[in-house]
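Here it is, the structure in full.
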Amino acid sequence: MLKGLTRAGLGSIHSDERMIELAAEYGFQAVDLDALGLIERHGIEGARELLLRHNIVIGAIGLPVEWRGAEETFREGLSKLTAAAEAASQLGCRACCTYILPSTDLKAAHFMALATRRLRVCAQLLASYGMKLGLEFVGPHHLRTQWANPFIWTVEETLDWIEAIGERNVGLLYDSYHWYTNGLTTADILKLHADQIVHVHINDAPDVPVEEALDNGRVYPGEGVIDLAGFLHGLHSIGYQGVVAQEILSSAAPTESPEMLTLRSKAGFDKVFAAAAEQDRWQEK
Amino acid sequence: MLKGLTRAGLGSIHSDERMIELAAEYGFQAVDLDALGLIERHGIEGARELLLRHNIVIGAIGLPVEWRGAEETFREGLSKLTAAAEAASQLGCRACCTYILPSTDLKAAHFMALATRRLRVCAQLLASYGMKLGLEFVGPHHLRTQWANPFIWTVEETLDWIEAIGERNVGLLYDSYHWYTNGLTTADILKLHADQIVHVHINDAPDVPVEEALDNGRVYPGEGVIDLAGFLHGLHSIGYQGVVAQEILSSAAPTESPEMLTLRSKAGFDKVFAAAAEQDRWQEK
Amino acid sequence: MLKGLTRAGLGSIHSDERMIELAAEYGFQAVDLDALGLIERHGIEGARELLLRHNIVIGAIGLPVEWRGAEETFREGLSKLTAAAEAASQLGCRACCTYILPSTDLKAAHFMALATRRLRVCAQLLASYGMKLGLEFVGPHHLRTQWANPFIWTVEETLDWIEAIGERNVGLLYDSYHWYTNGLTTADILKLHADQIVHVHINDAPDVPVEEALDNGRVYPGEGVIDLAGFLHGLHSIGYQGVVAQEILSSAAPTESPEMLTLRSKAGFDKVFAAAAEQDRWQEK
Amino acid sequence: MLKGLTRAGLGSIHSDERMIELAAEYGFQAVDLDALGLIERHGIEGARELLLRHNIVIGAIGLPVEWRGAEETFREGLSKLTAAAEAASQLGCRACCTYILPSTDLKAAHFMALATRRLRVCAQLLASYGMKLGLEFVGPHHLRTQWANPFIWTVEETLDWIEAIGERNVGLLYDSYHWYTNGLTTADILKLHADQIVHVHINDAPDVPVEEALDNGRVYPGEGVIDLAGFLHGLHSIGYQGVVAQEILSSAAPTESPEMLTLRSKAGFDKVFAAAAEQDRWQEK
C-alpha cells in the first residue's frame, strides 16, 4: 500500500506543488491533486518530471462532474471530465473518485435512476482513459437526515449500486471514517476482493459516540478511536496494493504550518501502519 | 390500434381459450394471456392454429419474474422467463410487461439500484427472443403511501428509469387509469414517440375525486369519467399502432356472465374509439 | 420528411452561412453543418437567430471522433465530441452520424470489438445531450476490397452491430446510394421501423453496372438510375419524418456556381419527391 | 492455487462421481464437471455432501450455450444456462467457461457483432447467479486457418473483446497450451491482474515446432516442452488463487486406467508446481 496525502489536513498549504514537496520530504508516496492544473502550469513533460523527481504518484483525482443536480450541470461536467481524465491518465493516475451523500432533497428512487445513468456515462468515459471510478459511501449519521430523504450509505448498498451501473471499471472508495460510522469491522473488509476497491482514505474519529461523529470533525490517523490497525490489516489481507490517502475534513482549518501538519501526519501513518503490520505478522503465524 | 382483452373484467371466465373465442366473437383483435400455458395444452402448432382460426394475436404476456423481493426469488424467475419468452415469441407475441408499485417498504434508493440491475437482465433475455419489456407506471394516490417509502409513479420518472436500465427494448406500458390518476392530458401523450410505448391498457374511473380513485375500483371504458377519447386520440396522433387492452381491476368480481361482460366491453370500446376517431378527424381538418 | 442539403454537391460554396441562405432560398428545410463552428462565429443566440430567420434546422452533424485508428486518436476525439454535441444540441440538432468503411486493414473481428466499445462511448455521450448516433453502412463494391479484410456493409450486419453496441440511441444513416449498391428494394425499407433510422442521405447513381458504381461517382437526385421514388416512398410508408439530405460525393468538384447547383438540387428533389408522392397516393387507394 | 482435474486426460472414466473420488484420492482439490447432472442424480444436499466428503470444489462448468451458430440454437441454450447456473451456484461454483475458435466460416466482423451481443446476455445471466464467464483464447496455429476467416486468438484481442462485451463478470480462461502456442512468456502473465482470470487450464505440448502443435495433441503436465514452472510462477506472482485444472485433449483416448492416469497427472502436477515454487522462492529473495 502506498501512503498518500490530500490537501485536506495540511492547513494553509497553497499549492499542489508544495504538497508534492512535503509528501516526498516526509516519506509519502502519493498525493491526490488536480492533474489538469499541474499540466496547465508545467506542461505534460514538466509535470511528469516534477512527480518523478519527488518519486510521487498521483493517487486519485476528484470527479469534476456534478451528477447530483440539474441535467445541464451534469452535461457541463462532461467536457471537464474528458480534459481531467486526459490529464490524469497522462500522468499515470488511474483513479477518479466521487462521494455519495447519504440523503437528498430529491425523491430518492428517481434520483437513483438519474444518478445511475449519469455515473455510467462518467465510468465509460473514464474507461476510455484507462481509469477507474471510485464511489465513496459516506457514513456519518447526521448526514443521513441532513436532507429530506435517505439515499444510500452502506457498503452493501454501494456494491449493489455498482452492479446497477454495470460498468467494469467502477469500485469503492473506502474511507476509514465511513467504515467506522457504518459500524463495520475488519471482518467486513475481509469479505471484499482487492479489485473492488479503487481508492482508500484514512483519517480518525474523536472519542464521541459514533452517532455524533461529524463528517467534518475528523482527526489525524492514530489520534482518535478508530481501529485503523484493523482497517489497514484488513486491506492488506485482501491484497489491496493501492494508495491510502489521508483526508482530514474539519470545520476549522488547523493553524499549524503545513510542514508541522505533514510531520504530524507522518507520525500518525507510522503509528497505525506499524500496528497494522503487527496484526499482519500475527496472522501469518 | 388493435382492440384487446385481458381476463381482468371478464368475470368468471375460466380459460384463456374461452377468452380467445369471446374476443373473436365480439370483434376484438388481441388478448393478453399465458402463452406458455396455451402451448402446453395445445402444442405450438395447435396454439398457433387456435389463434389464427380466431384471427386473434397475443398482445402481451406478464413478466414471470418477481423482481421486487429477495434475490433468490428473482433468480427463480429467470428460468420461468426463458420458458415464457420462448413460448410467447413462438406465438408472435412481442411484449412482456410488469408494473411498478409506487411505494415500497424497502429503502427506495437501494431498491431502485437492485431493480435496475434485475430488469436489465430481464430486458436482455427478452431481447434474445425479439421481445420488448413494458414498464407500467401506477398512478392511484392511495398506493403512493401504501408502503413506507415513495418509489416512482410518473411518466417522467419511468422514462428516466428506462434510460438507467439502458437497454434498447424497454418502454412504457401506458394505462389510461394511471394517466388519469397522474393528472395527465392528451398533451402529455403527444410529447412521446410511438416507439416509447410497448403496450396500452384501457379502463375507466368512477366519478370520485381523482385522489380517491382506487387501483381496484376501475370501471369499463366509457362508463366513467376519464377522457378516453383524448387518450386514444393522443396515442393515434403519435403513431401508436399496437394493442389497447382492457384491464378492469375491481375489488369484487363482476357477477354478469363472461359473454355479457365481453359485450359490455365491446360497447365501451365502440363508444370511446368512435369519440377518439371524431377527434382525429377534427384534428386533420 | 424534411428536404436537406449538405455541402457535398454545392461546389465551391465557402461557408455554412451561405449554405443556409441558399437552402432557404431554394425551399430546403434542413442543412447538415458544423454546429460548433456556427456558434463560435455567431454565439449561441446569433446562431439560433440565423437558423430561425431562414427557417432552417440542422439535420445532423458528423461524428468528430476517429474510431477507426489508434486508441490515442479515439480519445482525442472525445473532447471534440462533448463540444460538438453541446453545440449541436443547443441548436436543436438531434443526430450525429458516422460511416462504416466496408473493409479494413486491421483484423476484422478485432477491429469490430474495438469499434463496438468506442462507439458505445460515443453513443452514451450523445445520449447525454439528447442526441442519436447514426451509423451509415457503405455499399459500393470497390470499397469492399479496398483494404485487406472485409468488414460489414449490409443493413442486416449494421442492425446486428447496433444490437451489439447495445445503446438505446443508435440507429441507421440510410443513404440511397448504399441502398442501391447493396441491391436493396423498397421492400427492404418496409421491414424497418422509422425509429431505427436516424438520418437519410439522398443522391443518385450513374448508369453503369451497379458493381462499378463508385463511392465518389454520385450524381444529383433524379439524374441517375436509382429508384429514388421507391426509396422515398418506402421511408414515408414506415413513418420516417426526419431529414433527407443530399450528399453528392464526386471525384471532381462540380464547376457550376453554388447557386446553380442548389437550383439543380432543388429540381432533383422536386422530381423524385413528386414521383414518391405519386407512389404514396397509389398505395393509399 | 487449487489443483484441479477435468475428464479430459482421465481416459475411460465413466462418471463425474468417479472423477471426484480419484481427485480426492490423489490430492487434487477441484474438478470441472456437470453440476446440474450431479444434482439431478444426488439432489442438492446429496451433491453438496458428496463434494464436502471428498473435500473437492467445482472449478468451472462449461457454458451450455452454443453462441457460434444460428440464433435459434443460441436461444435454446439460454434455458439450459439458467438451469446450469442455478445448479452450479448452489454447489458453490463461481465460473462458467467457453472457448473461442480462432477462425470461422462466417464473416468475421459480423460474427463478432453477433457473438458480442450473445455473450453479453450469457454474462448477465451468470452474474445473476454470482458467477463469472471465462473466455478461452485458443492458440494452435492449425486452427487459425481451419475455417475460412481468421477470428481472434491472442490475449490482447480477447481482453479487447471483453471490454466490448462490457459486463463486469467476464474474464479469461488462461490455458497453458494457448499461452505456449501464442508464443507468450511469463512476462506476458505479469502484465495481468488476478481478477482478469476466471479459470486456468494446464497441459503440456510435445516436442514439435510450436507451429505444428495440434490442439488435440496435448500431453500431461511435465511431460512436454512448455515452461509450466514459468506459467504457474507468473500466475502466482499476480495473486491468482483460483483453480488450475488439467485438460489433456488428445486424438486418441489414453489406454491406461483412470487410476493410472490420475496418478500420472498427480506426478505431473507435483513436478511443475514444485518447479514453480522454486521460481517463487528465487524471486522473493
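Letters are used for the chains, namely A, B, C and D, taken in the order the chains are written, and counting of residues starts over at 1 for each.
To be clear about the criterion, contacts are C-beta pairs under 8 Å (C-beta built on N, C-alpha and C of every residue); 3 or more make two chains touch, one makes a residue touch a chain.
Here's who's who by UniProt: A, B, C, D = Sugar phosphate isomerase/epimerase.
Computed from a predicted model, the values in this text were never measured in an experiment.
A.B. asks: Counting one step for each move to a touching chain, how far apart are chain A and chain C?
C.D. replies: So the least number of steps between the two chains is 1.
A.B. asks: Over half of the interface residue numbers used by both chain C and chain D, so same, or under half, so different?
C.D. replies: Here the answer is same, because the shared fraction of interface numbers exceeds one half.
A.B. asks: Any idea how many Å lie between the Cα centroids of chain A and chain D?
C.D. replies: Going by mean C-alpha positions, chain A sits 37 Å from chain D.
A.B. asks: How far is the middle of chain A from the middle of chain B, if each middle is the mean of its Cα atoms, in Å?
C.D. replies: Roughly 46 Å separates the two chain centres.
A.B. asks: Provide the list of chain A residues touching at least two other chains, using ranges where the numbers run on.
C.D. replies: Within chain A, the residues that touch at least two other chains are 120, 127, 163, 166.
A.B. asks: Using the touch definition up top, name the residues of chain A that touch chain B in the complex.
C.D. replies: Spelled out, the residues of chain A in touch with chain B are 107-114, 116-117, 120, 149-152, 157, 160-161, 163-164, 166.
A.B. asks: Would you pull the chain B residues touching chain D in the complex into a rising list?
C.D. replies: The touching residues are 74-75, 78-79, 82-83, 86, 118, 120-121, 124-125, 127-129.
A.B. asks: Which residues of chain B touch chain C in the complex?
C.D. replies: 127, 163, 166-168, 193-195, 239
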